[in-house]
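Heads up, the next two complexes both have subunit A, just with different partners, subunit B and then subunit C.
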Partner chain A sequence: MIEDFSNTLVTATPFLLGSLWFTITISAMSIVIGTAIGLLLGLASAYGGWVTRFLVRIYVDIVRGIPGLVKIFTVFYLVNALLSEVAGFTLSAMACGVVALSIHASAQVSEMARGAIQALSKGQTEAGKAIGLRFWQVQFYVIYPQAIRQILPTWVTSSTEIVKGTTLLSLISVPEFFITIRELAAREFLYIQFYGFAMIVYFLLNFSIELLGAHLERRYSRY
Partner chain B sequence: MQSLLKINGLHKSFGNLEVLKGIDLEVNQGQVVSIIGSSGSGKTTLLRCVNLLEEFQAGEIVIEGQLIGYRDKGGRRSSISEAEKARQRALTGMVFQTFNLFPHLSALGNVTLGLRKVLKQPRAEAEETAAHWLDRVGLSERKDYYPSQLSGGQQQRVGIARALAMAPKLMLFDEATSALDPELVGEVLQVMTDLASEGMTMLVVTHEMSFAKDASTRVVFMNEGVIAEEGPPDTLLTNPKHPRLQDFLARSQR
Partner chain C sequence: MNYHFNWKVIVEDWDKLMWGLLLGLEIAFGAIIIGLVIGLVLAFASHARQFWIRAAVKVYVTFLRNQPPLLLLFFAYFVLPRMGIRIDRVESVVLALGLYAGAQLTEVFRASLANIPKGIREAGLAIGLTPVRTNTLVVLPVMFRNAIPALGNSFISLFKDTSLAAGIAVAELTWQARKISTDTFAVLESWIAACVIYVVACMIIAQLLLALERKLKIP
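Our next item is the complex of A and B:
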């Protein structure tokens, strides 16, 4: 059982590594883009006028209300159809994956950021103003350092969700890690071994995110 | 004696509720003015208008000849930019009842932030200035401590150092000792008294009658959005004329 598996594993290594790289790249890009957009949206809904807040609210509610797989399909089929009509090109499956997962992450980060900013007492902003700091200075030097500490644990959870979400991309034929596992498992009839292996790999991926989060928390939590 | 702060006919409302109903106040350089009164009398709001934490609807605030908060365009008020307001806030320093220290920065960091980002001092110079002010409030040994590691009295003294380091013309104290344990009140009052005797111009909203009596040049009693009585501490506190002030002082006797 183990012998067959290790033999297959050795032969399959290039495919597995290639697809693992896809998974890692898609996850990293989606997390970074989603977080960046989410932080901007969170800022907008914390400080914006009622129109801005309303628009962000709609965005967040819609995105959070649609299941991940449906979002992925929507981007792959609907958005691509629109794009080919209007602009004459379509997004690759991988690009669709990144877009869908980024949107998913952005809605979550936006709410985290808004909550953290609003939870900070008014006194912090006032103390910043009282020493002559301007709006963006108050944001960068007073508000964000505190807000980021607040959202770090939840952000880690949200990011691990993105990694897990990449497995759904197999349904739009993105050559990510899990579909490679499934194909190998089926071809070699070594289901237990390959799925067990996949479990370990995904765990390690997400665990490194957790370690990163813990490191950041320790580094910035000098309260 | 030079007029540092001049307030004329200040009116301020929160929605439909008028909180300041026409305040006239003048503070000369080096004077220490204590503002006393019940909650809701408008004293904190008045202070917060001076450093533009609150907007006001009518009247003028002038600091060292500069019109604060608004521009005068031929008799009509015109608003000014956030950047201009930030610059005007630098004329004053404020000490808050709830300290409002930045928890993610050390005591030194709290004081250097304004020096580096507003006054654009280089790091070494800022740290030297900050260390000097922390020493003035008696906290040089704790400059690397974080607010959570400091007692209330120590935190408030850091707050005072933070405000003083910016070299303001006028210091605003918003019930600086009200949130402190009684044993810690003394150390902060001492810093404030020393500051007063060194000639700092101060506007102090306070419940501490001892400070009002011993350290102020003048006491102002506010009631329901107006200044009801004003005068030197010895006469005003021992011989109040306004009936509300008499009530207030009677109730303040411990």
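Our next item is the complex of A and C:
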């Protein structure tokens, strides 16, 4: 049993590494895009008028009410149907996955950013203005450094959520790590070994993100 | 647009979607009960005097919290039967999500346990209750009230995670929507319907939990 597993593991190493790289790329892209959109939405709902706030609220509530898997299927079918109508092309399954996971992350980040900015007392902005800083200077030198410290722990957790979420893409046949594991387990009939192996890999992936987050938190809490 | 919406399909299969929703809620209930038991036991165990008990809890929580729920689900469904444990589809979903929730609820309960003022425990001991009765009669009710908002959140996220059960062909809402979309080719209608049902269900659950929270609040 053990020998079968180690032999298969050795022959399958290129596939496993390739698909693991795929998982990491998809996660990184989704986290970066989702964070960028989320920060914009968060700023919009912290500073915008009531119409902006209302629209962001609706977006966030709808996105957070739909399970990740349903979001992936919906993007896969709905967005592709719309695109083929309007633009005459469709997105690959991988691109759909990145879109769905980015949407997911954007709603989370938007809530965090809004909460962190609103939690800072008004006195901070007023103090910035009092010493003669402009709006953007207040943002960059006073608000963001404090807000980032607030957001970091939650942001790290939602990044690991995205890594976990990439496994769902195996259900729309994106060649990421989990689908390779499933195929190998089923073909070689080594379920315990391969699923156990996958658990260790995902643990190491997410745990190192957590450690990185803890490191960043220590760095940012210095001043 | 050339796409012709055909909402009749959704109306005809409405009861299937609702049964799927109900199954999802049942799975979430089962999972949160397993999670509550694990979370409570481990939260108290994480304050144990023995070092190895605390270490074991830490390992369980850190390992499980970092697993993708879908992987846990496949592990429960494909691996446990090969280790001689007979388990059907729905049971394996409940078990996998329950173990996952257990890790998260341990953290929740530990935090709310740490937030309880020392005086409350000491007051219990001072009126002559044994340590066990102090914990069950005095500390536990206070801890539960502290934990209710977090418990509600994890119930909602568990309910959303029941959609993963579609991956092993459990006939809950996501699977039903997928079936309708492949059977009738009403792809857009079925996914829009699934999204709307999930959003509305989550809103209703959130409101109910808010009402519960208000009701149990100490005035």
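Here, the second predicted complex is superposed on the first by the 222 of 223 C-alpha atoms of A that agree within 3 Å, B and C clash if a C-alpha of one lies under 4 Å from a C-alpha of the other, contacts with A are read in each partner's own complex, and residues count from 1 in each chain.
Keep this in mind: a contact is a pair of C-beta atoms (placed from the backbone, for glycine too) under 8 Å apart; a residue touches a chain by one contact, two chains touch by 3 or more.
Fair warning: this is a prediction, and the values are worked out from it, not measured in the lab.
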{"item": "Partner chain(s) touched by A:F207 [first = subunit B, second = subunit C, both, neither]", "value": "second"}
{"item": "Contacts of A:R57 with subunit B and subunit C, given as first, second, both or neither", "value": "neither"}
{"item": "Which of subunit B and subunit C A:Y77 touches, first, second, both or neither", "value": "second"}
{"item": "Dominant contact partner of subunit A by residue count, subunit C or subunit B", "value": "C"}
{"item": "First (subunit B), second (subunit C), both or neither touched by A:K129", "value": "first"}
{"item": "Touched partner set for A:F178, first subunit B, second subunit C, both or neither", "value": "second"}
{"item": "Subunit B versus subunit C as contact partner of A:G65, first or second or both or neither", "value": "second"}
{"item": "Subunit C-facing residues of subunit A, complex", "value": "61-62, 64-70, 73-74, 77-78, 81, 85, 160, 163-168, 170-171, 178, 182, 185, 191-192, 195-196, 198-199, 202-203, 206-207, 210"}
{"item": "Residues of subunit A touching subunit B in the complex", "value": "121, 123-124, 126-135, 137, 141-142, 145-146, 149, 220, 222-223"}
{"item": "In the complex, subunit C residues that touch subunit A", "value": "1-3, 62-63, 66-71, 74-75, 78-79, 82-83, 160-164, 166-167, 174, 177-178, 181, 187-188, 191-192, 194-195, 198-203"}
{"item": "In the complex with subunit A, residue positions of subunit B that touch it", "value": "51-53, 82-83, 86-87, 89-90, 92-94, 96, 98, 100-104, 113-114, 117-118, 146, 148, 159, 162-163, 166"}
